[in-house]
Structures are given as C-alpha cells and as structure tokens.
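Okay, so chain A shows up in both of these, paired with chain B first and chain C after.
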Partner chain A sequence: MVEILDISLPIISLIISALLTIPVFKIVRKSSHKTALTLGWFIVVFIIAGATVANLALTYYSIANPGLLNLTLNGGASSIISSSFLVDAISIYMAIIIVAISAVVVIYTVFFVNSNERPSDRYFAIMLMLTAALLGAVLSGDLLTFFIFWEAATAAAAFLMMYRKNAFSLNATLKYLVMVIIASAFVLFGLSIVYGITGTLNFIALRDALTTIAVSDKSLLILAFVFIAAGYAIEAAIVPFHFWLPDAYTAAPAPSSAFLSALVDQGSYYILIRILLYIVIPKGPNATLDWTFMLAILAALTMIAGNIFALIQNDVKRLIAYICVADVGYNLIAITSYTSLGLIGNLYFFLIGGITTALAFMVVGIINKHGFKTLEDFSGIGKKLPLASLALVIAGLSFIGVPPLGGFMAKYLVFTSALQANLSWLAVIGVLTSVLQAAYLFRLIHYMYARKSKDATVIKESKRILIPIFILAAALLVLGLFPQLVLNLLEPATRQLQLITPLP
Partner chain B sequence: MILEDVSSWLVWILPLIASLFVPLIAKYSAKARNYFAVAISVITAGLALSLVPGVFFGSGEATSTSVAWITGISAGVFIDPLSVLFTTLVAFFGLIIAIYSLGYMKGEEGLTRYYFLLLLFIGSMIGLVISDNLIQMFIFWEMVGLCSYALISFWYKRPESVRAGTKVFIMTRIGDIALLAAIGILFTMFGTFSFHGIINGIQTAATAGTLDTGLLVIAAFLVLGGAIAKSAQLPLFTWLYSAMEAPTSVSALLHAATMVKAGIYLLARFILIFSVAPVLIAALQPLWFPVVTWIGVLTAIIGATLALTTTDIKGVLAYSTISQIGFMMAGLGTAVEGAASIGWFASLFHMISHAFFEGLGFLLAGGIIHAIGTRDMRLMGGLKKTMPISFILMAIMIITTSGLPPFAAFFSKGLIITSVTDAGNLIQIILLYATTAITFAYSVRMFSLVFMGKESEHLKKQHVHEAPKVMLIPAMILAGLCIVWGLAEPLVASFMHVSLETSLLGAFTNLETPIFLSLLIPTGLIAYYSYYKNYQGVRNIAAGKNPLTTILSHGYFFDDVYGGIARGISNVSDGVRRFEGMISLFPQKFASTIIHLANEVHVYLDVYADKSLDKLINVLANKTLTGVSKMKKAPSTSLRNYIAAAVLGFILIAILIILTIGV
Partner chain C sequence: MSFTLLAVFALPAISIPFVYLTGKKSNKAAAIFVALIALVILALLLTTVPAILNNPGHRYVESHAWIQILNADFSLFADGMSVSIAIISVILIFAAALFSINYMEGKKNVAVYYALLTMLSIGLVGVFITSNLILFYFCWELMLVPAYFIVGNWGYRDSYKAAFKFFIFTHAGAVFVLLGIGAIYWLTGFTDMFQAQTALLTTAFPDVVKWVLIALTAGFAVKMAIVPVHMWLPDAHSEAPATMSALLSGVIISAGAYAILRLSLGVVFPAVNLADPAFALNFLHALAIFGIISAFFGSLIALVETDIKRLIAYSSIAHMGYIMFGISLFPSNAVAGTAVLVVSTTAIAGTILHILSHAVSKGLFFLSAGAVMHQTETRDIREMGGLAGKMPFTAVSATIAALSIAGAPPFACFISEVLIFIGAFQVMATDSFYILPTVLMLVATVLSLAYSLRFTSRVFLGSNKNWGEKKIVEVPKYMKIALAIVVVMVIIIGIYPTPFLNLIQTVQFG
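Presenting the complex of A and B:
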C-alpha cells in the first residue's frame, strides 16, 4: 500500500540534499579534486532520489490493477478540503522523467559551471530544490497543493534564470516574474470561484462536483475556467502568452535553459492535462464545459507563431527558445484530440521534447562559451567542434521529426491522434509547420557544415562535458527505435483515464 | 424596466472596469487617457440619470436584483429613492471633477494613477450606495477608503502627503472595524447579509414578539461608529483636515461631495431598515437617536469655530464640511419616524446642497491655489481684481454656505433646524443657531482675507491670472445649482416619496427665519468692523495668548490626545522592534536589490536589433521574412507589450469558450 511517506520521501530527500549542498561545497572548494568530488556528491544525491522514486513506483505497481490513489493529509469529513497527494500512472511517469532528466542536466552543470564561482553552490541547491518542488507538484492531489508547489518552482526558476546577474538576465527575469505573478493572480482568482461553487479543490472530488453542477453556476464556472486557463497558459507559454519565454531562455545560462525547458515546461503541460482531461470533461454525457475548439485554435496559433518567429531568429539560442514555444503547440494538439492515443502521444512528447530541447540548449551553451552566438558565427563549427556539432544535428533532426529519432515517433502519435479526433485541419497545420522547422534547422546545419569559418583558430574540445550530452542523444535514438520502452509505462495511464471518463 | 436593470448594474461596473483600461490607454496617448476618463464619467452620469425616472414615477418601494456570488452571499443592486439619489450625486460630481481635472491636474506627474483612482473611486462609491447587501457594501466601503488613501498621498514624494494619507487611513479604519462588527451581529441574528432579508427578519421577529432589541441597539451604535469615522464626526473628525494634502479636485470629490457622505448614507439606510419595526424604534429612541443628534450638533459647532481660526484656505472648507455634516447628523438624529420625518429628508436634502456649495468652494480654492501656489490665506488678499469671475462665484458660495435666502442652503438648513426645533431640546437648538451665525462669520472672514483688501507682498511678486475655462465652467455649473437648488425642494421631496408639511413659501414665513436672520446682524457687524474698518479688537483676541485661542489653535486638543495614544503604542512597538532588528534588515536589503535590478534593466533595455536575411531561402521566402521581421521588433522588447498580449489572449480564450458553449 502506498503511504504518505512513500510519496514525500523523494521530495524530502531532494530538499535535504539541497540544504547539504552548501556545506558540501565548502569542503569541495578546499580539495584538489573539485570536479570529481562534486560529481560524486550529485551522483549520490540522485541515486538516493532515484531509489525513493523507484520505491514509490514499485510500491504502486505492486497493487493489482492500480487506480487513482488519493491520499489526504487529514482524513474523515475534512478530507475534501485537505491537502492531498494523488498517485497514478501519469504522476509516477512524470516523477521518473523529472528525476532522470534533472540528473543528466545537473551532471552537465557540474562540468559547465566552475565550482569556484562564488554562488555556484546556491545554483546547484536551487536546482535540487526546483526538482523537489516539481516532484511535489506532479504528485499533488488538489489544485491548491499543486499551486503552492508550482509557485515554489517558479520562484526557483527565476533564480536559475538570473544566475549570471547581467543586464539581459535580470531584464528577462523581471519580465518572467511579472508574467508569472499575473498568472498566479489569474489562477488564484479562478480557484477562489471554483471553490466558491463547489466547496472543494481536490481533483477527484472536484470532477464529481462539476458533473452535477447547477445550470445557474455555469456562467461563473466559465469565468473561473477562463481565468485558470489564461493563468496556466502564461506558465505554459502558449501563444499569445509566450513572450516571456524566448527572453528568459535566451538570457539564462545554458544549464538553466536546459533545465527549464526540459522540466518546468513539462510541469505546466502536466497541469493542463490534469485540468483539461481529468477535471473539466469536454464531451460525452457528463460533459462540463467544451474547451476543445478554444484549445485547437490556441494550438494552431502556437505552432504557427512559434515556428515563424524561430524562422527569423539570428541568435541560435533564441531560435531554440522559439522551438520550445512551437513544441507547446504540438503538445496542445494531443490534449485537444481528447483520445487515449492523444494522451499517450502527449506524455511521450513531453519526454522527447524535453530531452531534445535540453540537448540543444546544452550544446548551444558549449558553443556559446567559445563566443559563437549568431548564425554567421556558427559557420564552420562542424569542423571546429565536431562532436558537439554532431549532437546538435541529432537534436535538430529530432525536432524536425526524422524517422529513427524520438521526435518522429512523438509527432507521429500526436498527428494520428488529431486525425482520430476529426481534427485533420490541425494535423495539416502541424505538418506544414514541421516543414517550416525543417527549413530553419537545415539552414542551421548548412551554416555549420557548408560554410567556411571566418577565422582559423583551432579549438580543443572538452570531452567530459560531452558525456551527459551524448547520454541524451543516445536516449533520443533509443526511444525512437524502441518507443515501447516508454509506451508500456504509459499504457496504465490510458486505462485509468478510461476508468473515470469513457474516452471515444 | 429592462434599461433600468441593465443601467443599475452598468453604472458601477463600467467605471470599475474602465479604470483598469486607463493604464493601457495611457500607453498610447496622455490626451486619450484624460478624455477617456471624462467619457466614462459622462456615460456613468447618463446611466445614473436613466435610473431617475423609474424611481420618480415609481411607487417608492425598494426593488433589488441579485446574482449568486459565493455560497450564501450574493451580489446585487438595490434601487430605491435613497440609493438613486446618492448614485446620481456621485455620478454627476464625478463628471464635474473629471472635467475640472483636465485643467487643474494639467502637467502633473503620475496622472495615469490619478485617473485610474478617480474612475475606481467613482465605481466603488456608486457600488457602495447601490449594494443590496452588507458584505458587498462593506467591500466598496473599504475600496473608497483605499482610493481616499491613495489620492491623499498622490504627491507621494512629499512626506507630509504620505503622512496625512496614512493618518487618514488609520483613523477611518477604526470606524470600519465597528461597522464590520455590526455586520457580524446582524448576520448572526438574521442569517443573511441582504437588506431585504434583514428587513424581513426584523419584521417577522417583531410580529412574533421575539425581536432582540438590546442586541440591535448595540449593532446600531456600532453602525454609528462606522458612520462617525467615515463622515468625520466627533470624536474622529480630525482626519478630514489632514486629508487636505490631497489635490484640490480630489478634496472636492471625496472630502466634500461624496465619500464623507458615506456615513450619512449608512445612517439614512439603517434608519429606514430600523423603522420597519416600531418596537425597535422605541428601543432606539431613549439613547441612540439623542446620541446621533448630540454628535451632530457638537460637531457642527466645533467645526465652525475651528473654521474661524485656521489660516489654510482648504482648512476652512474642511472644517466647514465637518460642521455641515454635523447638521446632517443632527437632522438624522431627529428622524425617529424614518422616512416619514422631516429630519430624514432634511439631512439628505442638505447633503445635496452642501455637495454643491462646498464642492464649488473647493473648485474655486483649487483655482486660487493653482494661480498663486499657496494655501495660506494670510499670503492672499485683493484677488478681486485679478480673478473677477472667481470672486463672483465665491460670493455666491459664501451666501449659500451662510444659508441666506433664497439660495439652496437656506431651505435645506432651515428644514434641519425645524426638525431639531420640533424635537424640542433647547440647548441643541441654541447651539445650532449659534453655529449658523459662526458659519456666516467664517465665510465672510475667508472671503475678505482672500478677495478683499490690498494685494499682499507675496502676490506682488507674481503674475496672478484667472483660472482656465475648463476649471471655471464646472464651478459655474455648481454655482448655478447653488442658486436654484432650493427651489427644487418639492420636486426632490416627491422624488424621495416623502410629503412635506411646509411649502416653499412657508420657509420664509415660519418662526426660524427671523431668528436666524437677526443672528446674522451681530456677526456680520463684527466681521465688517474687523476686516473692513480694521477694528483690532477681535483680531487682538485672536492673535493674543488666551485659553480660547490655545484651544482653537490646537483643534480642541483632539489630535494631541490621539498623538499621545499613538506615541504610546509606537513606544511599545519600538521595544518589540529591537528584537526584530536582525529580521528587519532583510526586507531593506531585498528592496535595495530590487531597486538596483530595476536600474540595470532600465539602462540596458532595448538592445536587440534585428538584421540580415539569408541566401538559403529563395526570393519568396525572403519576402515573407521581411514582413515578419518587422513584426519581430514589437514583441521582443517591452514588458508592457507582453502584458497587453496576455490580456488579448485572455479575451481570446473567453471569446472562444463563449463561441463554443454560449453563456
């Protein structure tokens, strides 16, 4: 049986490790094997965190035919208003990928950031804290608990962005903070209305309450929905709420961008899935509120705008940031389709999209370190930094959706689900914008290999920082070839969604 | 009826929502912002006017519509003569001030904030008087307090403005707490917040004989506490003088015409509610009503004497407001029969005429301050020549204030005095008559110090000019209303659905008028000799050091006592603060980091520039590219654009959802 302790152990272990990181760095700085020691420390941290998550997953799947487990902190009559955790296939899946990707990014950061830099200990501590907050968010069982963990995560994200404290990153962080605060206000206002109507914020209790909602409360519910949707649309950077994202990801140091795009973004899609698929049922006999058309329009806008803006970027890092925006659009198609294939496709896309953007940001981070920023700068990079360039090419091909890589499978699932749901126009837009993606990414590859560089300086490529990068690149290839590895994990999720709402 | 239903909601929601758009519009042009505020106040005034015919030709019964809001609480509007009277006054005055501000606030910094708060205030104040339940009313009650605070501290770079704002905020909070306690009591007794619900509760309990009058009397006193603080009555009146740090347009709107009348509205409303059960009125009669009258009468005379000594032109008007609201309280204190008694109607009628003449006073004072840059009357004098129109308008204002026939206050004040006379407490009657005489004296004093005599040294140094037209026209409108408003008494009475026993002509012939007029002769003579014949007797007393001047110059020591209390509290908290020394460093550091951050952002903003096309893409792609790269400039820089985009997105979501399901 899953206990509260099983759920909170990963979170607590990460918070404690974050607190210990600062004294550990004091010791590390005195020794002569700095990198080896920090690497060892974080491997220990993530082995512990991984073990606790594995413990949670194994305990959960040891139950025969597991369903949605809702664990409240207070039992009895007050349980519907108490803080609660929710464990099901999706949250377990999210917890696993969060810890795994976080581990890879942190290891990359160990090589990327000099441990002698003064605030680097805090930087690592915040990364661990952010991971803990995200774990809490995906495991939470009601909208308020989610909101609290999510606020903690966004605060941590702001610190990650402004690590270098130069004008650009401070500017971008300020914008991010303002947008996030607006988003929080929207969400809170929406939540207060929802609570006023139904008297609960618990995911499951709320869903039941909404199916039997009185007609007179319907317009209030619409108001609340619009506020909550707009709030989380800001967090998820859906067009036209996306403007903070390119600024923030471009100005942040590379590990931060990788971390944010691979993890924090996924957290915001996660809540969209929870709210849209699990709580506000759009179709069928128990329909609460039909949001599919609204989301389809936003998805189309996001894909088109994200890719067009990416097309005109000259700064490579900013270009990748816009791909992140475009990826949001592809994710939204999957949610919009409201089919079990869409759910699987969406969760699979989370993982692949996260890995790909993290990979791209990590490589671009290395290349930027040598002073190459714009497309022109990238001329001839393929010869100067052959291994890093190879990784960037893999990431780019995965973005476009070239077959053996993970991106192909992800887009295939997403577009098929759109066709299943009779949203072929959305699939067409998706495919067309993918062509656009091919245009600008091949242009990048063209610059990297077909152009001659302006100067002939020889750069010695650091090998060890490529280890985490190639772990991710290999993951893209493996997941593209054997998608069943992940899809098997996701299969229970669709069964569980069937349990609560009969999907078409 | 449908029009009224819609406009009764729009009249307060429109300004509230429009206030949010002020910053957005200000982004494009400052002029558009100013005219936007004026346009919204015009529409609001129109909406308020559209409510009038329904009430005028209706039965006078209250109607209300409401929608469910939070479980157990609804949001609604309550339409009856009282609420429509206030709504119309607020909307009309909001319009006057919006126009006046075009001239008075021209060239000030932070005007976006100003117009935002102005519209927010108009919306909240109308929301206050039109609410159909206590919670909604209380929310707006707090919101007008907040607007008042923010507008008093409008010139936030001047420490005295900030200090005054804080003082006002704290003093009015005392009343808010009392009001909240009253709301709590009423809710526990009747289980509802809505006025209709409470009226029904009182009626059923009264017929069943189970009405707990003792508890209701306590609630009534708490309500009175709320009204005292909001309407600047004894003993919490000193804040109104401090509130004069606000821009004069704000003083006219909030601290003369509308916000300070919220207390009068509250009492008038509760007297209506209480008067449904005679047994309850009987319980209130021995103590509550006399206390209201006494507070009114004492405030009236204290305010008037203080107005006689202050040298600040706005101070005179502030104390005059305090004193006049005292009259209204006195009128309400004699309204033991609810809407049927003269006192109830008289104080509301006087409320309106006071709004006209005091508002006029403030508008003119604003013009004078605008022209010569000081509020000290000792530095003025001889403005008659340089500001002739203001001179005439001010003459109308002081005649009205003093209650000379046939201007507005003659009728309204006369009704109040009649009502208090009918109640029959001799001391109260004498004090009220004395106050009317002092009112005449301080009006003449202000008038002569500002407009008569020789130009002061201060004025000779600068070129004084008449106020601009955009400021004079609102003042002229008010002056016109001051002249004719008294004649509208029968109309207003039938609007309020009360029947007056006296006719218009009766006001001239009843007993009070000769007493009143004969009282003006000695005060007039004293004023004449001291200011025109330079007879030094009175001035010597005023300038000398004797108990009377000490008391008056200290404002009856109210502020000193409050200051003592506040100092005591702050000494205690100082002790506590020493323990918190360590912790208190943190916010300071935090704030300085934020300031530093904002600075850097400001310096480096807008560095991105776009350039370059690309050979890989063919001519067609090139053309789309150039098109799009023009778009690129806009979104990559400014935070305001991001927020505007987010707002658009919000609207987009709302529209799409509504398109799919309908409302």
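Presenting the complex of A and C:
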C-alpha cells in the first residue's frame, strides 16, 4: 500500500541533500580532488533520490491493477479540503524522468567550467531544490498543493536564469518574473472561483463536482478554468504567451537552460494535461467543456510561430530556445487529440523533447564557452570540436524526427493521434513545420561542416564533460529503437484515463 | 523462429564501430571489411530464395517482438520482388566498397566514410525486406541521413549545398509518407503492410484512403525524382562522390519505385479500386503521364548536357520515367465491387526487372564516369575525347553501361524494356488510353540511344584532346575489379535474366 511517506520521501531526500550541499562544498573546497568529490556527492544524492522514487513506483505497481490513488493528509470530513497527493501512472512516470534528467544535467554542471560563470554551491543547491519542487508538483493531488510547489519551482527557476547577473540576464529574468506573477494571479483568481463554487480543489473531488454542477454556475466555472489554463499556458510558453522563453533561455547559463527546458517546461505541460484531460473533460458522457478546437488553433500557432522565429535566428542558443517553443506546439497537438494514443504520445514527447533540448543546450553551452555564438561563428565547428558537434547533430536529427532517434517515434505518435481525432489539418501543419525544422537545423549542420572556420586555432576538446552529453545521446538512440521501454510505463496511464471517460 | 533477415539488420549495425576503428588504421582494410559485410548479407539473402520459390505464398516471413503497444512487430519478409532488388543493392554496395579502395585513397576522414557507408547499407537493404510500416520508415530515412553526409563531405564543388537540397526535398517527401503511414494505422490499427492491406478493403472511410494513396505516392515520387519534383537529383548525383552516385542512382531512387509498387499500389490501391474504380483508373493514367513527362524531360536535357555526371543524372530521371510508365500498367479491375488482382503481369514483371537492370547499368555508368573523372580530373565532356586508347578498360565498361541504358541488346535494360512494352500492348487491348503513351515511350527510347551514343563518342572516341602535362592512365586494380563485377551483372541480366524473372514472377500483391 502506498503511504504518504513513500510519496514524500523523494521530495524530503532532495530537500535535505540541497541543504547539505553547501556544507559539503565548504568541506571539499580545499581538496585537490574537488571535482571528483563533488561528483561523488551528487551521485550519492541521486542514487538516494532514485531509490526513493523507485520505491514509490514499485510500491504503487505492486497493487493489482492500480488506479488513481488520492492520499490526503487529513482524513474524514476535512479530507476534501486537505492537502493531498495523487499517485497514478502519469505522476510516477513524470517523477522518474524528472529525477533521471536532473541527475544527468547536474553531472554536466559539475564538469561545466567557465571562467566567469563557474557554478557555485548555491547554484547546485537551487538545482536540487527545483527538482524537489517539481517532484512535489507532479505528485500533488489538488490544485492548491500544485500551485504552492509550482511557485517554489518558478522562484528557483528565476534564480537559475539570472545566474550570470549581467544586464541581459537580469532583463530576461525580470520579463520572466513579470509573466509568472501575472500567470500566478490568473491561476489564483481562477482557483478562488473554483473553490467558491465547488468547495474543493482536489483533482478527483473536483471532477465529480463538475459533473453534478448546476447549469447556472457553469459559465462562471468555465471562466475560472479559462483563467487557470491561461495562467499555466503563460508558463508553458504557448504562443502568444511565449515571448519570455527565448530571452530567458538565451540569457541563462547552459546548465540552467538545459535544466529549465527539460524539466520546468514539462512540469507546466503536465498540469495542462491534468486539468484539461482529467478535470475539464472535453468529450464523452462526462464532458464539461469542449476546448479541443481552441487548443488546436493554439497548437497550430505555436508550431508555426516557433519554427518561423527559429528560422530567422542567428544566435544558435536562441534558435534552440525557439525550438522549445515549437515543441510546445507538438505537445499541444497530442493533448488536443484526446485519444489514448495522444496521451501516450504526449508523455513520450515530454521525455524525448526534454532529453533533446537538454542535449542541445548542453552542447551549445560547450561551444559557446569557446566564444562561438552565431551561425557564422559555428562555421567549421565540426572539425574543431568533432564529438560535441556529433552530439549536436544527433540532437538536431531527433528534433527533426529522423528515425531511428527518439524524436521520430514521438512525432509519429503525435501526428497519428491527430489523424485519429479527425484533426488531419493539424497533422499536416505539424509535418510541414517539421520540414521547416529540417531546413533550419540542416542550415546549422551546413555551417558546422561545410563552411571553413575563420581562425585556425586548435581547440582541445574536454572529454569528461562529454560523458553526460553522450549519455543523453545514447538514450535518444535507445529510446528510438526500443520505445517499448518507456511505452510500457505509459500503457497503464491510458487505462486509468479510460476509467474516467471512454477514449477513442 | 528464424533470424536470417534480422541478421541482415544486426550485422552492419554491430559492425559500424569496428568499421570506423579499422578505417582509422587503413583505408583498404575498412573497404574490404565493408565488402565482406555486403557478401555476408548477400549470402543471408540468398538463403531465403528456396523458401520464396517453394512456399505456398511465395514469401519468406520472419517476425520479432518490438513495440507491442502500437501493434508493431519487427516483421521482416522477403518475396520475389524485394529479395531480387535487395540482392542487386548488396552487389552494388560490394562494388562501391571495392571501388572506394582506390577512389578514397588519400582523402580525409575515410574512417567516417566507411562507417557511414555501413550505416547506409542497413537502410538500403532493410527498406526492401521489412513489412512493418514504422520499420519501413526507419529504413527509408536511414537511406537519407548517411547519404547526406557522404555527398556533403566527400563530394565535388559545392557539395554540401547539393546535399542540403537532396535532404530537404526527400525529407519533405518522406513526411508525407509518414502521414500516410500514420493514417493507415488510424484506419486499420495495423502497422504491418499485409495485414493493413486486407483491413483497408473494408474501411469505413474510403475517401480518406484516396488521400492516403496520393500522399504516399507523392512522397515516394520525390525519392524517384519524377518531374516536377526532380530538382534535387541532378545536383545531388553530380556532386556526390562516384560510389555514392552509383548507390543513389542505382538503389535509392529505385527504392521510390519499389515503394510505390509495394505500398501505394500493393497495399492502398486495392481499397481505392474497390471503392471508386474510375478514380483508380485515372490515378494510373496520371502516373503514366508523369512518367512520359519525366522520360522526355530527362532524355532531352541529357542530350545537350556537357557535364559528364549531370548527363547521367538526367538519364536517371528519364529512366525513372520508364519505370513510372511501367508502374502505371498495374492491373486495375474496372468492375466496381470486386477485390483486385494479384499475381504480377508481364508489365509489372518487366517494371521490376527494369528496376534491377537500371540499378546495375546506372551503377556501372556512374562508377565508370567516376573512374574517368578520377583519372582525368575534368568533368566537361567537350574537353574529353579519344580516351578509349588511354583507358581501354573503363571505355569498355562505360560503353556497356551506355548501351544498356540505351536499351541495346544483349545488355540488361533491353530485356526489361521489351517486357514493359509487351505488357503495354497487352494492357492496350483493354484500355485504349495507353496507345499514345506507349508510342511516346518508344520515341523516348530513341532519345536515350542518342544521348548514350553522344556520351560514348564524345568521351572515348574521336581525336585525342590535348591533355598538356597530364598523363592519363588506366584505372588502378580495385576500380577495375569493381567495374568488372558490375559489368558481369549487366551482361548476366541481359543474356540470362531467367533466375531473376523466376523470382519476380512469384510476386503477389495483396
């Protein structure tokens, strides 16, 4: 049986590790094996965190035919307003990928040495805190608990963004914070209406309340959910609310960009899935509000705008940031389709999109470190930094959706789900924008391999920083060839959603 | 449980790092390594031939568990059409690897080149022997990415630009294939092409199936470089290194023809024919028209082109036109409400044989042209002439290739073109539309004779041009061996095509 302790252990373990990180750094500072010791410390941290998550997963799956488990802190009559955790196949899956990707990015950060932005002890502590907050968010069982964890995550994210403390990064962080505050206000406003009408914020109780709600209250409730969804849409960077993202990810140091794009982005899609698929059910007998067409338009806009802006970028890091925006669009297709294939595709896309953007940002971080920033600068990088370039090519091919990399299977699932949902036009826009992606990413590859470099300086490639990078690249290949490894974890998710409402 | 065809995938995949490491040490050793891989694959493919000839369904099938949740198995098969094309592509890979020994000597990063060639061979063979649509798409794109880098990195002049064009065009085609594959999964719930074929016949959305047919065919036509989506081909083929041109023109564009036969017509077309026979007939007629346009366009430009490789590249467009015309003779049943067809007709057998004979002839043509360019370091045929005396071996092989391309007996393309025309006359008896196209096609063969003869006379015959200080000598040993292998194939198919025809005649669509 899953206990509250099983769920809170990963979160608590990461918070304690975060607090211990600062003293640990003080101790190892003098040592001559500083990097090795810090690496050892983080390996221990993530083994413990991984073990606690594994414990949660194994306990959950030891139940025969597990459903959505709602665990409240207070029992009895007050349980409906109590803080609560929700464990189901999706939240366990999210917890696993958050810990796994976070581990790889933290290891990269240990090796990431740059003259003026060497990550400090606090930087690592915040990374662990952010991981803990995200775990809390994906495991939370009501909108308020989610909101609290999510606010903690965005605060930590802002710290990661402004780490360089130059004018550009402060400006970008300010933009992000303003957007986040507006988003939080939207969400809070929506939450208060929802609570006022239904008397609960618990995901499961809320859905039951929605099916029995009086017609007169319905329009106000829809307004409330529009506010909540708009709030999280801002944080997920759906076009037209995307403009903070490219600035923020470009201004942040590479580890931050990788961390944010791979994890924080996915957290905000996660809540969209929870709200849109599990609470405000669009179709079927328990339907509350059919939002699919609205979201389809947004998905199309996001894919088109993200890819067109990426096409005109000259700064490579900014180009990748715009691919993150475009990826949001592909994710939205899957939510919109509202089929079991779409749900699987969406969750698989989370993982693959996260790995791919993290990989791209990590490699670009290494290349930027040598002073190469624009497309022009990238001329001849393929010869100067052959291994890092290879990893960037792998990431690029995965973005485009070239088999046998993971990106292909993700896009295949997403586009097929759109066809299933009779949204062929959306699938067509999706594949056409993928061709656009191929165009600008191959332009990047063209610069890297076909152009001659301007200066003839020889750069010695640091080998150890390539370890985390090639872990991710290998993961893309393995997940592309054997998607079954992940899809097996997702299969229960579709069954559980079927319990709520029949899916096509 | 048998693993023969799985080994065809696994062997090159596992070998890639070893090929790379060998290539770091020695160019020759890596080339021989790749050639050996090709030989083993050839042996593996040949072991399936008895099963194909004797099994009741004339199909050798193998299936391994893969992605259960999508109902997708790692299902592999070989039938008369797929195994014969796969055998030819392996032979071309073998020849290309041997050719590379001399051709790549002294070039940079040969280790990467051979690793990419090995990776390419997975796609080149795999695409013909898989019946799972997702796996098919895997192989389809795997033909593209290594090819991009080989063309870009070891090609001539502005090769990355040509490679970029190649990638964007064919990838844009491929995404429509992806949409089609996705739609087939949506309509039927199957990702296996043979299961899908049966399920599509009873689909609830016959109108969607039409779009699937169009999307798939359009996507494959880009790979085939049918006019008007041919623009990538002349650049890619002429800037690529000779070995890659041979594979591009011999196998990769033929894969487009194979895919139209296997997927568009074999899997989707019967359902369309059942639902709307008039549309199906018009569709075939449209293919014939595109075929004629390509044949004339390609031949006419080849007639005036002066760049040695662009000339051959345009002739590829022309020959894809013949193949498209042959494909358009696919039997369709004009009576509504009946499921269609089955065993290959003369026209389709001729078309498949033409895919094979064009592959070897064009492979030989490009390798010979590559040999000429390698020895003379020039590519303008106006500056050549009289090379027959200096490079007799290359002259003979190039002339054989040119004559085969022109459709002269006793070389490979002669038999297959004759079969296509016999098939066309048979179809004409029931469908009078084909009278004019067949006549036009016969005219186009005259054009191909013209440009082939122009090529031979300009390059090898006539007066010696002044080569100045340059001393032109015959090609080195391994290039000769590679050319000889392909010459033998061209002659065998030309004189005694029976083994291939026996295999091809067992093909069943549906």
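The working rule: the second predicted complex is superposed on the first by the 497 of 504 C-alpha atoms of A that agree within 3 Å, B and C clash if a C-alpha of one lies under 4 Å from a C-alpha of the other, contacts with A are read in each partner's own complex, and residues count from 1 in each chain.
Here is the rule we use: contacts are C-beta pairs under 8 Å (C-beta built on N, C-alpha and C of every residue); 3 or more make two chains touch, one makes a residue touch a chain.
Remember, it's a predicted structure, so these values are computed and weren't measured experimentally.
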Overlay on chain A: chain C relative to chain B, clash or fit: fit
Partner chain(s) touched by A:F168 [first = chain B, second = chain C, both, neither]: first
Partner chain in contact with A:I222 - chain B first, chain C second, else both or neither: first
Touched partner set for A:A439, first chain B, second chain C, both or neither: both
A:N314 touches, of chain B and chain C: first, second, both or neither? first
Partner contacting more residues of chain A (chain B vs chain C): B
Chain B versus chain C as contact partner of A:E491, first or second or both or neither: second
Partner chain in contact with A:M179 - chain B first, chain C second, else both or neither: first
Touching partner for A:I43 - first (chain B), second (chain C), both, neither: neither
Chain B versus chain C as contact partner of A:D247, first or second or both or neither: first
Touched partner set for A:I12, first chain B, second chain C, both or neither: neither
After fitting on chain A: smallest Cα gap, chain B-chain C, Å: 7
On chain A, positions contacted by chain B and by chain C: 439, 442-443, 446
Sites on chain C touched by chain A in the complex: 66-70, 134, 137-138, 141-142, 144-145, 148-149, 152-153, 159-161, 164, 167-168, 171-172, 175-176, 178-179, 181-183, 185-186
Residues of chain A defined as touching chain B within the complex: 167-168, 170-171, 174-175, 178-179, 182, 186, 196-197, 199, 216-217, 219-220, 222, 225-226, 229-230, 233-234, 238-241, 243-244, 246-247, 289-294, 297-298, 308-309, 311-312, 314, 375-376, 439, 442-443, 446
Residue ranges of chain B touching chain A (in the complex, touch as defined): 68-71, 597-598, 600-601, 603-605, 607, 610-612, 614, 616-617, 621, 625, 628-629, 632, 635-636, 639, 641-643, 645-646, 648-650, 652-654, 656-661, 663
Touching residues (chain side chain A, partner chain C) in the complex: 344, 397, 400-404, 408, 411-413, 415-416, 419-420, 424, 427-428, 431-432, 434-435, 438-439, 442-443, 446, 449-450, 482-484, 487-488, 490-491
